[in-house]
Every structure is written in C-alpha cells, then in structure tokens.
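Read through the structures below before going on.
Look at the two complexes coming up: chain A is in both, with chain B in one and chain C in the other.
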Partner chain A sequence: MDQLIQDKLSKEEIFETLHQFITEVIGEEFVEEMDITPASSFTKDLEMDSIEIVAFSEKVKNHFGSNIDFTGWLSNMDLDEIIQLKLENIINYIQECQ
Partner chain B sequence: MPVINLPNVRLHVQELNPEGEETLIMVHGMFSNLAVYYFNIAPLLAKHFRVVLFDMKGHGMSEKVQTGYDLTSMTSDLRDLMDVLGIEKAHLAGYSYGGLVALKMAARFPERVGKLAIIEGPDPSEQETLTIIDTYSKEFLIHYIENFADTTRLLAGKRQLEKNHRMYEFLFNETSIRSDMEGEKGFFNDRAVAAIQHETLLIYGEASNCVPSGRTLASKIKNATLVLVSGDHNVPVQQPEVIGRELEKFLEPSPLPVG
Partner chain C sequence: MARFLFVVPPFFGHISPTLSVGASLIANGHEVAWTGLIPLADKHIPEGGRYILPEAELSPHQEEIARILKRQDDGPSLSGPEVMKLALEETYIPFAHIMVPGVLRVADEFQPDVIVNDCITFAGALAAHLKGIPCVTTTPVPPDVMGDTASSAPKIFEWQQNLIKGLQRELGIYTEEFVIHSHEMNIVFTSKEFAGFPEPDPHMKFVGPVKGRPNDTPFDWERLEKATTPKVFVSLGTLLVDIRKEFFLKLIEAFGNEPITIVAATDPSVIDEWPENFIVQGFVPQADIIPKMDAVICHGGFNTVNDTFMNGLPMLITPIAYDHFHTAALIENAGCGIKVRYKRLRVPDVKNAMRELLENPQYRNAAQHIRDTFNAAGGNAKAVSLLEDFAIANRVTETA
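Here is the complex of A and B:
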C-alpha cells in the first residue's frame, strides 16, 4: 500500500524537538520560568553557557543525524554571532538541511 | 552524552573527526570546560587530526569528585582515557592548568606524547590562582567572571551566576583542589620538566602576566619555541582563530617534497 511519507518536518515540529532538548539541558525548573519562543536567543534569553550549547549540539546531532553538521555550522560563526543566535536560526538551518 | 568510564573517574568526552590518522588531545584549564575549544579551535584542527576533548574531573559534565586534582592524578586520568580510546600516542595541547597537565604527561609518559603545545601555562610557584582561591567570594566571583573566566564575553545572567557559584563552592569547599594546586608549586623546578625532549610550542598572550612563565619554560625545555600573540591570559577566548592557526602550523607535518 502506498503511503505518503512526510519527509520534511515543519518548523513547529522542529521547534518542539529543540524545546525538549533545551529543557533536558538546562532543567525543567528553569524552563518553567521562561517563555521560550523561536525568537529566544540562546545566551541572552535562555542564559545558556558554552558547555550547555555543547550538550544541546550533541542532542541535535544525535537526533537529526549526520546530514546536519551543526558544530561545523556554529564553528563558522564568531562569538558575537553565537551570542545573537536565536532558536529560529537553528530551525531554519535544520529545515534547509532536510 | 558521551561519558566514558575510566578506572577512577567518569569523564565527558567529545571527539571530532574520529577517522583522523593522528590524534590531538586538548586539555582545558581550571574552572573551565571543553567548550573553550569545541566551537572554533577544535573544528579547525579536526581538518587534519582526530581531536579528543574532555572535561576534567569536577568540571563541565564530568564526574564531581573530591580528590585527585594534582598533576599526577590528572595525568593518570589522561593515560587511562588514552588506553580506553585505544590511542597509543597523541599530540597534546593544554591551556592554563591544562598546559601543566600536558607538560606533566610529556614528563611521565614521554612515549605516549607526540608534539606538545602549551597555551598560557602558569608557573605554579607564582600563579595568582592560589591567591584567587583564598580571596574567593561571590562578589569576587562576579568580578572574576566578568574579567577572567572563559565565559568572559557571554554575559552572565542570574542562572549562570548561580551555576558558576555552585561550581566554585564545590571545588573550593568540597574538594582537595586548593591543597592539590599548592602541592604543585615546585613543578617548574622539577627535573623531569627540564628533561622534556618533545618538540614544544609555547603560546602566550603578550599582555598576560603569565609571559614570564612562558620564558621560564622556553629556557628549560630544549626543543621549545615561544610565540607571543596579542591578547592576555584569555587568549583562546579572545582570539580562537589565532590560537587555532598557530596550533595548525605547529602540528601539521610538513608536506613531502614533490619530485
């Protein structure tokens, strides 16, 4: 039987997955106090430090597979760009890679 | 999360380019973690090498342990890590206290070390870290994070401040880190340091108060070259691409002559 395979995740689905990863990395008690949206920035809004971003990157890599060179993508940014980085930038990047 | 069980401790490890022929292991400094290399310096070097990064015990996402922060224990951990990962020999790069770990490694296990790169390794007999430990307070911590920590340019919010505070509280009050570091005061005068034969690169920030330490090492280690780059003790955070390129230049084997 033929089945339609939805091969691309929607932005909302990616956001939900990333939201879950953020919760795992920084802990539910902190996430509850935050309003996480695609416009949230990693360092300013979510207050993630570099080792938490490492943990987050690992989860992204393990979940979305090796097609997505998330560390490579980040390594092309300078620190100011990483500071500015918003959740929606990552959602867009993952969508482009699919 | 790749956490590896060693005989004495569980360490958080990250590998880049695991297929690389030669291996480079990078050691971070005290009160820091592997993220100091992960985003810029390590990816650059992973173009040529298998790059292994790990969080020291009590740091980052590695196990919090109460003892064993001296250089002998730290290098035993590193040797165990190499054994578990099946690495016979590796180039080593270490920053700050991690630089001392790399030096100790070359002194204790010379056959397991290729080239040696020391970034801002402080002379433990005059380093300010010990003073820092003694004057520790939360107020001081805020100042320290703003001025010296690897997180320098990532503004510390309340949660981060609390997190750092907990790390310092743990390391200062619940572990042997103070006495272990005190015990290393004579390290630069250790004969084993002067006996290091490895090709050694010493990278220091020209505005760093560790420059005299670099000069001392350059005078003691036979095959050492001292390079001063612009920046201070935080140079890997201030200029990751400069540090990455210096390491690349030093570690990369010269191309075979054509013809």
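Here is the complex of A and C:
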C-alpha cells in the first residue's frame, strides 16, 4: 500500500513536469508571458498547434510511460472537448493511467 | 456557346480566380454570370459578364450575414479547433442555408448550362442538384485542409458528416452521398505536386494558379530600382487588420536599417516612422512587384503564395490561422520556404530564416520546381477548356 502511494505522483508533481514540458516545447520567452495554471486551456491559452501537441505528447510518453497514449486519447475527443481541454484534464488522465 | 453561372462566397480570394476564368469564357463567346451573398463592385466584374445579387431572398438575412462576416475577424485569435467550427458550422453551413433560395431563382432566370460553385459555397452545388443542372466545383486553395479525420479523429469526422447531412435533409435531399461539391469535376487552382496529391481522383483537376485581374495601381518603381540590397516583399493580405502593427514592429526590429530592402504592402499609418530601407504602400501592384523580389514574407494567403511560387521565389511563411498552417506544411514539405509561426515569432528566428532563404540556394531551387509544376498544370487556359468540354459533354440533347 505504501509502495503504491509512493509510486503515484501527486497532481502538483505532474503539473510541474507538464509545465516544464510546455516550456521546452513552446519556448521560455512565450511561457513567461502566460500564467500557466491547471485551469489553462490547451489550445486557447497555450495556443499549441498540432506540431507542438505532438512534441508535447512525445515528452509525456517518454516521461510517464508508453501506456500513456496522449494523442490517441485526444483523437477520440470531439471539437468541443478539445476546445475546452484544460491542463488539469491531462493531469487527471496521467494519474488514472499510472 | 454555353451559359455558366458562378456561385461565389463573400471572400475575394475565392472570387478572384473565377473572375479570371469567367473573363476568358466571355472572350470565347460564352455567357457568364456570378451570384453571391453580398454586392460586388462593378470594377471587378469582367466586361460582358454580370453579377446577380438575389436581394429579395437575401434581405431577411442581412443581420445574420453581417454578424457572420464580422465573426471572421475573430479568426486570428481562435485556436485550430475553434477555427474548424467557425468555418464549417458558423460560416459555410449558414451561408448555404441563406443562399440556396436566391441561387435557385437566379438559376431559373439565367438558365445556366453549368453551375460552377466555389468549394466553400455549397449553395451552388446544392441548387444544381435540386435543379438537375450539371455542376463543376472550383477550389482556390490546396484541398484537404482537415486531413483524414475519418481515421485520425472519428468524432470530428462525425460532426462534419452530421452537419452536411443535416443541411442536405433540410433542403429535402435525402441521398447519403454529399452533394455540396461536384463529383464530376473539381478544378483546383494549384498543382497536384504542391498540394501533395501525387495521384488525385480523376475528377480533381489541378490546373495551377490563374493570373489575377489586371492591377495598374501606381508604385514608386524608381525607388525600388535604386535599391541594391536583396529585396523582400511582405504582405499580410487584405484581412488581419488588428495584428498589423505588432507584426511590422517585429519586422522593423529584425530588418530596420539592415542591408535588405523591404517592400511592405500595408497602410503606412500603422507605424509612425518607417526605417529608410522599408518601402511601404497600402495597395500595391503585387503581381508586378514580386518578379523583382528575392524572397517573400507572408502569412499564407493563397494569392501571395501563388504569386511567390509563380516567380520561383523562396518564402518565409508566418501562419496565423485558418488554412495557413496547412499551406505552411505544404511549403516545408516542398522545401521552398521556412515556417515561423506568427504566435511564436522571435526576431532572431526571422533574421536567421531570411538569411537562410537568401543564401542557401536549395530553397530557391525548390521554389523554381514548384513554379514549373504550376506552369505545367495549364492555368487559366486549362480551366477554360475543362469548363467548355464539360458543358459540351453535359449538354442536354434537345429533341425537336
């Protein structure tokens, strides 16, 4: 049980890691102008284009494990779900997959 | 002699190639009319042609039309998925609803042998289907912007399908087949090589860009001729007014008083003081200027993209919204330019990209290859002969 709890990353830890990945993908100078929080919308606030999303999802996969199929998860969404997608949805998804 | 009715949207980039092709059809003795959603200035309409605005059918929708047109200004600030919704659900589908009754009446009066609908102006093909009139579609942009959503994003594919089926059912069209475009002939104004369609369906006819209508706007040619440094043309097209200042401030930071000559097509008043090496003018004879340039910077509007590669020049493309990203990807695939996304525009990246474009011959070579594919596709003359052949092949045999 203890082991299991230790293995699971907290939401905060996942957020910090994702924040780092976002910075690497879109560049520090642009991230500085954004106030990134778990409530940030992926497409609207972070303004990620498809190339950036692919780069981000590669980093997520390499770091959190190959069972996290981020692009596959995205591809099953409808337009409104993608438009409304927030960082916290991704954090929850990663937590569920762990 | 045949009668052609072009059905066009309220966006000049989509209307423009039909004006060139229509003018040539008129010159060959055909009767040509256009119909649309908003008035079109007389000066644009080729001599001998006419533009028929079905005012009676459109007048109850004026507020909605104005609202949808205004909404287009939001495009640059919207995300990719929001732009998809804006385009299909909030623009093309309602425009089709609004236009169909007027197009049907115009078709009754003008009795076209062929209806030619622009690719985002579904009303033309829908009216043709309802009336049993042969139909050709014109596509001014590289097609397939949405990609293969059926396998990559099934829910987005379903959304698309449902919207189009819904539109057709409301018009009493219950076929499973989509009739918003012609299945007989789709004339695409780029080359299959550039659009990434090595083996297109037989009804897709890639004819390359057609020459624009004559533009005799005055320009300070003398000043341009005196310039001894590499010359770069910059255009953001006619839309995107809001972001002009920010964009040009960055270009001034990158190229102000550097050994380069920038010809900027923009209203000079957006910047208080332009550097010496910037030649700035609001409306320019673009098709005459670009042949004198060494490179082009633009956001991906297809008029400028076509003019650039028709002249075999490399491009720095700064995609903002809409189909710009698709165009940018095609340019990078073809090797004829470099993409720097507008939202991630760093001054050093712009400078490096421009140096690379001017100094590394591979970009110009690739651009010249695209030029060759454009020329080989046949252009205006090919589009005209395709339409003439189509009219003859589909002529309803009159029995005496």
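Brief remarks on what is shown
The rule is short, and it goes like this: the second predicted complex is superposed on the first by the 93 of 98 C-alpha atoms of A that agree within 3 Å, B and C clash if a C-alpha of one lies under 4 Å from a C-alpha of the other, contacts with A are read in each partner's own complex, and residues count from 1 in each chain.
One rule holds for everything that comes next: contacts are C-beta pairs under 8 Å (C-beta built on N, C-alpha and C of every residue); 3 or more make two chains touch, one makes a residue touch a chain.
Note that the structure is predicted; figures quoted are calculated from it, not measured.
With chain A as the common reference, the superposed partners chain B and chain C clash. When the two complexes are overlaid on their common chain A, residue A:L79 makes contact with chain B and with chain C alike. Once the two complexes are overlaid on the shared chain, A:L9 sits clear of chain B and of chain C alike. Look at A:A55: by the touch rule set out above, it reaches chain B but stays clear of chain C.
When the two structures are aligned on the shared chain, A:V31 is found in touch with neither chain B nor chain C. When both complexes are overlaid on chain A, the residue A:K44 reaches chain B and chain C alike.
Annotation: chain C segment clashing with chain B after superposition, chosen from 78-86, 222-230 or 258-266, is 78-86. Of the residues of chain A, those at positions 26, 30, 43-44, 47, 49-50, 75, 79, 82-83 touch chain B in one of the two structures and chain C in the other.
In the complex of the two chains, the chain A residues touching chain B come out as 26, 30, 43-44, 47, 49-51, 53-55, 58, 71-72, 74-75, 79, 82-83. Across the interface of their complex, chain C is touched by residues 26-27, 29-30, 43-44, 47, 49-50, 75-79, 81-83 of chain A. Looking at the complex, you find that chain C touches chain A at residues 79-82, 84-85, 152-156, 158-159, 325, 341, 343-344, 346. Every residue of chain B that touches chain A in the complex is listed here, in rising order: 1-2, 14, 16, 33-36, 38-40, 43-44, 55, 60-61, 150-151, 153-155, 157-160, 163, 237.
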